[in-house]
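Here chain A shows up in two complexes: once beside chain B, once beside chain C.
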Partner chain A sequence: MSAMELLLWARGPGLGIAVAIFLFGMTLRLFEIYSLGRKTDLAAPRSPTPGSGWRTVFSRSLPYQGTWHRSGLTVITGFVFHIGLFIVLLFLLPHIKLIHSLTGLSWPALPTSLVDLVTVLTLIALLVVLVHRLMDPVKRLLSGFGDYLAWAVTFLPLLTGYMAYHHLLLDYTLLLALHILSAELLLVVFPFTKLTHTFTLFIARWYNGDIAARKGVAS
Partner chain B sequence: MSASLEKGLNALREVMDAPIASFFSSCVHCGMCADACLFYTETGDAKYTPIYKLEPLRRVWQQEYTLTGRLSRMLGLSKPVSDADLRNWSELVYDSCTLCGRCSMVCPVGNDITYMVRKLREGMSAAGHAPEGVIGATKRTIELGSPMGVKLPALQAQIRGQEAETGLSIPIDVQGADYMALLSSMEIINFPEYLGALARIFHQAGVSWTLSSEAFEATNSGIQIGASDIAREIVGRIVTAAEKLQVKHVISPECGHAFTALRWEGPNLIGRPYPFKVVHILELLDELRTSGRLQTVGKEDAPLTFHDPCQIVRRGGVVRQPRALLGEVASDFREMSDPGVWNWCCGGGGGVSANERAEHLRLTAFKRKKSQLDELGVHTMVTACANCRIVLEEGLEHYNMNVKVVGLTELVAEHLVEQEAGK
Partner chain C sequence: MADETLLEILKRRGISRRGFLKFCAATTSLLALPPSMAVAVADSLGRLKRPAVIWLSFQECTGCTESLTRAHSPSIESLIFDAISLDYHHTLQAASGHAAEEAREHSMKADWGKYLLIVDGSIPLKDGGAYSTIAGISNLQMLQEAAAGAAAIVAIGTCAAFGGLPHAQPNPTGAVAVSDIIKDKPIINVPGCPPVPAVMVGVLAHYLTFGSLPDLDDLGRPRAFYGESIHDRCYRRPFYDQGKFAKTFDDAGARDGWCLFELGCKGPTTHNACATTKWNGGTSWPVQSGHGCIGCSEPDFWDAGGFYKALSTPVDSVTGAAAAAVAVGAAAGVAIGIANRQRKAQARAEHQTVTIEDLEK
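Here is the complex of A and B:
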């Protein structure tokens, strides 16, 4: 199979298969969560609590000052690579074009040189995150195969994208094919690793905020 | 109750719900909960990371409630939770967690870890892996009526003592009173002045109140050990007594977990809402203050601080009231670092203080409170939980610290405007 054939497969059937697995997997995961349900809380809430879950969905995005102080490295690298991933994913011109071709939606892109800089920062942040995970006793204790797999499938699309843009090491067509394949690997692995947090954290935060608000606490 | 692994696992299956599934689905293993937990910060031992304490529950969820987990179990890639696993986790679930709830405030994906530790304890106790000390306290509550074995005659003796002290009568079994007050054993044995304080405050404010001879104990070790059937029986006694006396309100004593048991868990345990309202004593005092029925005179001049009991503040929502009350009776109130819902636990909540095997760890964890106090340099600490108070006093003594611990209700009572018609 030539690089071009690989690229064509990745753009065509490969993408279809990856998206299908991703959608099936995430639907299954959400079904597994919500189908468990929860018991109605019979204790009278301290005050009416509409919207409290939603408030925590947003408020939990910013850490408490004590958390900055105690978990600084985790917080900073976490912010950098998450924001970086969003910028690269959503504001690089070729990505916007792809989204446009699939959904018809479109928005202005950021200058490629800026996205390039963001990519470098994100790659560095992810490397720091990996080293931190390997060195820190707490993170190391909590980590298993799934954690390193999730890291790898997040790192690879960024790395291959960066290499393709700069024509590094390999032939451009092959790099582009590898880039798309790595993104597809991310989609396939996504529903079956902690990457599900991208969606489920909104559910978790909502429950947390709702449970606390019934007691009169903004969590 | 004969315990077994199967009963333990069944109890875990019973508590499994959508919040727990969403929490485990969201955990990214960032470890930030460790930095929020005083058992980790004061020992530096990674095993005390809050989310790690939930491993048995997480494994049951993953192996039985996710498709991938079920597949990997079928293929023999993951081992089911064994009795030895649960036994090994007993220390983490009971000794190194006070259900303080601080990790649940910090988790960036919003996991209510404390909610899950409480649920995991259901399985641990059903499997027979709760610590002896807490089992003993629970047995005494069921057999004798209180975790410390305090019976009615002991209460009656303290009532007589406090009546002599205050010159007021302390009502018992008064039908149709507005409020039924409850006590914790700690208060009956160690701090009877709480009862005297109630008598004086309610006399001045003109509150119609009573104690019940059938249910005066508010603490509930059933929720600490994680045995809902026992917790239900203990709460049920209070509900029955309150319904019999037809009171409109039941007052939770200062004791933190008693408030959680009665206010938040109780209706869910008995399976129906209460026909009365539950108020924490600090909520009631603040209500009396704002309506002008509670009049105080003079203020403490010495600088003092407030230790927020976790179950009353972070897990109970009574945050503003203690500060408003302190404002009335203290001229130099100083907040500790991380005040209110961010406060650090005394280290002995959630059954830890009743668990002898946890004593060394608890005193180590107390170093957090010690450094907060050292930083503030105040020699009086007010609090509003009899259990915190005992644990704080033990910690202060252990570290030879010159800090006095005072109950907030008693402090308010000391500053009451004395009335003529007191006797």
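Here is the complex of A and C:
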């Protein structure tokens, strides 16, 4: 199979399979979680609840003072790679064209050189995160196969994309094919690892905020 | 006349020594050889005595020959080609019918093991090769016979190099490339639909000067011409880096020469010399004329996902698969939800209360 054939497979059947597995898995997961339900709380809430859940969704994005002091590195690298990932994913023109062709939605792109810089920062942040995970005894104890898998499938699309853009080591066509395949691997693994936090995090935060308010500590 | 050297032939046709040396210098630089090699190229080419070249045309459109011969003005390339070549070429030879085939057989016998075989067009294999025959001989048979006595083979054009247009799905004639059939001879692929004239001549000049194959990439293409992508050498590349893209073929961006990526340009995955040597004597090239690269020097370019689809977009629609996946996922989610609820209900039903008496038993 030539690099071009691999690229065409990645842009054709490969993408179809990856998108199908991703949507199947995520729909299954969300239905499963929602249908678990919760028992009706018969007690009168201590403080008004509707706003608390929504506020928590946003307020939990900001680190607490204590966390800053105890794990500054985790906070900074976490912010850098999350924001970087979103910028690279959503503001590189070829990605926007892909999203446009899939959903019909489109928006202006950022200059490629800026996205390139953000990619480098994101890659560095992800490497720091990995090294810290391996060095820190607590983090290492908490980490399992799923955590390293989630890291790898996040790191690979960025790395292959960066290599393709700069023509590093391999031919561009092959690197582009590998880049698309790595992103498809991310989609396939996504619903079955902790990467689902992309969606479930908002549900969880809302519940936490709501329950806290019922108990009298509204955010 | 048969003993005339190339330089003498060119002189007779009104090409000065100076013009010939300029051509040699240009070809040397095109081949990415050191400038000092220009003298060697001129020396070797100038002293050549009409090396036998047999040109076989199979399933093709004559576009490759047109590209070479229909230059703006009679170029030095076409003259050199005329001078060094063609004991047999359908389009260009005067003879026809049996006389033409005799010329081919005569040339093959006379220069067995020494002649250069040029092939354009793909070779049909289906139904015993019935889809293309010359003088009742199938293309496959003619290629095998001619290749047996060739010193080297140059597959000119994407059809001969990779199967090209006849090889496009569903490939009704079972068309294949030269390299799919001939395995025991050195083959140089010079793809393009058609290839750039200077590239064709440059490859031949290299072979005739050094008697060896130029450095080839993994697809058998000379690295000197196919080593870099169209995208990397494109004069519109700065606009790609700045994120400035033409949205349609006639908007302000298109008029200002912005990048054609969004309009389906295949420059990033295409290796050819168009962006540097250009066409029609350096006048222009497809991207300069406002159309994206269609990737014609790459295998299966015709089936590579549509000329007007951006490289990062899906080749096929994923809507059907996506809708089905969501439906199946929802159904499976509901089923698991129901099963979970039943387990809860069952657990509740099987719950046994324990009294003080039970504990004291």
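In the analysis below, the second predicted complex is superposed on the first by the 217 of 219 C-alpha atoms of A that agree within 3 Å, B and C clash if a C-alpha of one lies under 4 Å from a C-alpha of the other, contacts with A are read in each partner's own complex, and residues count from 1 in each chain.
Rule of thumb we're sticking to: contacts are C-beta pairs under 8 Å (C-beta built on N, C-alpha and C of every residue); 3 or more make two chains touch, one makes a residue touch a chain.
Please read all numbers here as calculations on a predicted model, not as lab measurements.
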item: Room on chain A for both chain B and chain C (clash or fit); value: fit
item: Touched partner set for A:L98, first chain B, second chain C, both or neither; value: second
item: Touched partner set for A:K215, first chain B, second chain C, both or neither; value: first
item: Inter-chain angle, chain B to chain C through the CA centre of chain A, in degrees rounded to a multiple of 10; value: 170
item: Which of chain B and chain C A:T173 touches, first, second, both or neither; value: second
item: Touching partner for A:L15 - first (chain B), second (chain C), both, neither; value: second
item: Touching partner for A:D147 - first (chain B), second (chain C), both, neither; value: first
item: Chain C versus chain B, contacts on chain A by residue; value: B
item: Which superposed partner A:L201 touches (first chain B, second chain C, both, neither); value: first
item: First, second, both or neither for A:E32, with chain B first and chain C second; value: both
item: Minimum distance between Cα atoms of chain B and chain C in the superposition (Å); value: 6
item: Footprint overlap on chain A, where chain B in one structure and chain C in the other make contact; value: 28-29, 32, 34-36
item: Touching residues (chain side chain B, partner chain A) in the complex; value: 16-23, 25-32, 34-36, 40-41, 46-47, 49, 51-52, 65-68, 104-112, 115, 263-268, 271-274, 277, 314-319, 338, 341-342
item: In the complex, chain A residues that touch chain C; value: 2, 4-5, 7-8, 11-13, 15-17, 19-32, 34-36, 93-95, 97-98, 100-102, 109-113, 167, 172-173, 176
item: Chain A residues within the chain B interface of the complex; value: 28-29, 32-39, 41-44, 46, 56-57, 60-61, 63-64, 66-67, 70-71, 74-75, 78, 133, 136-143, 147, 192, 194, 196-197, 200-201, 203-209, 211-212, 214-219
item: Complex contacts: residues of chain C adjacent to chain A; value: 219, 229, 231-232, 240-243, 245, 261-262, 268-269, 298-300, 303-305, 309-316, 318, 321-322, 324-326, 328-330, 332-334, 336-338, 340-341
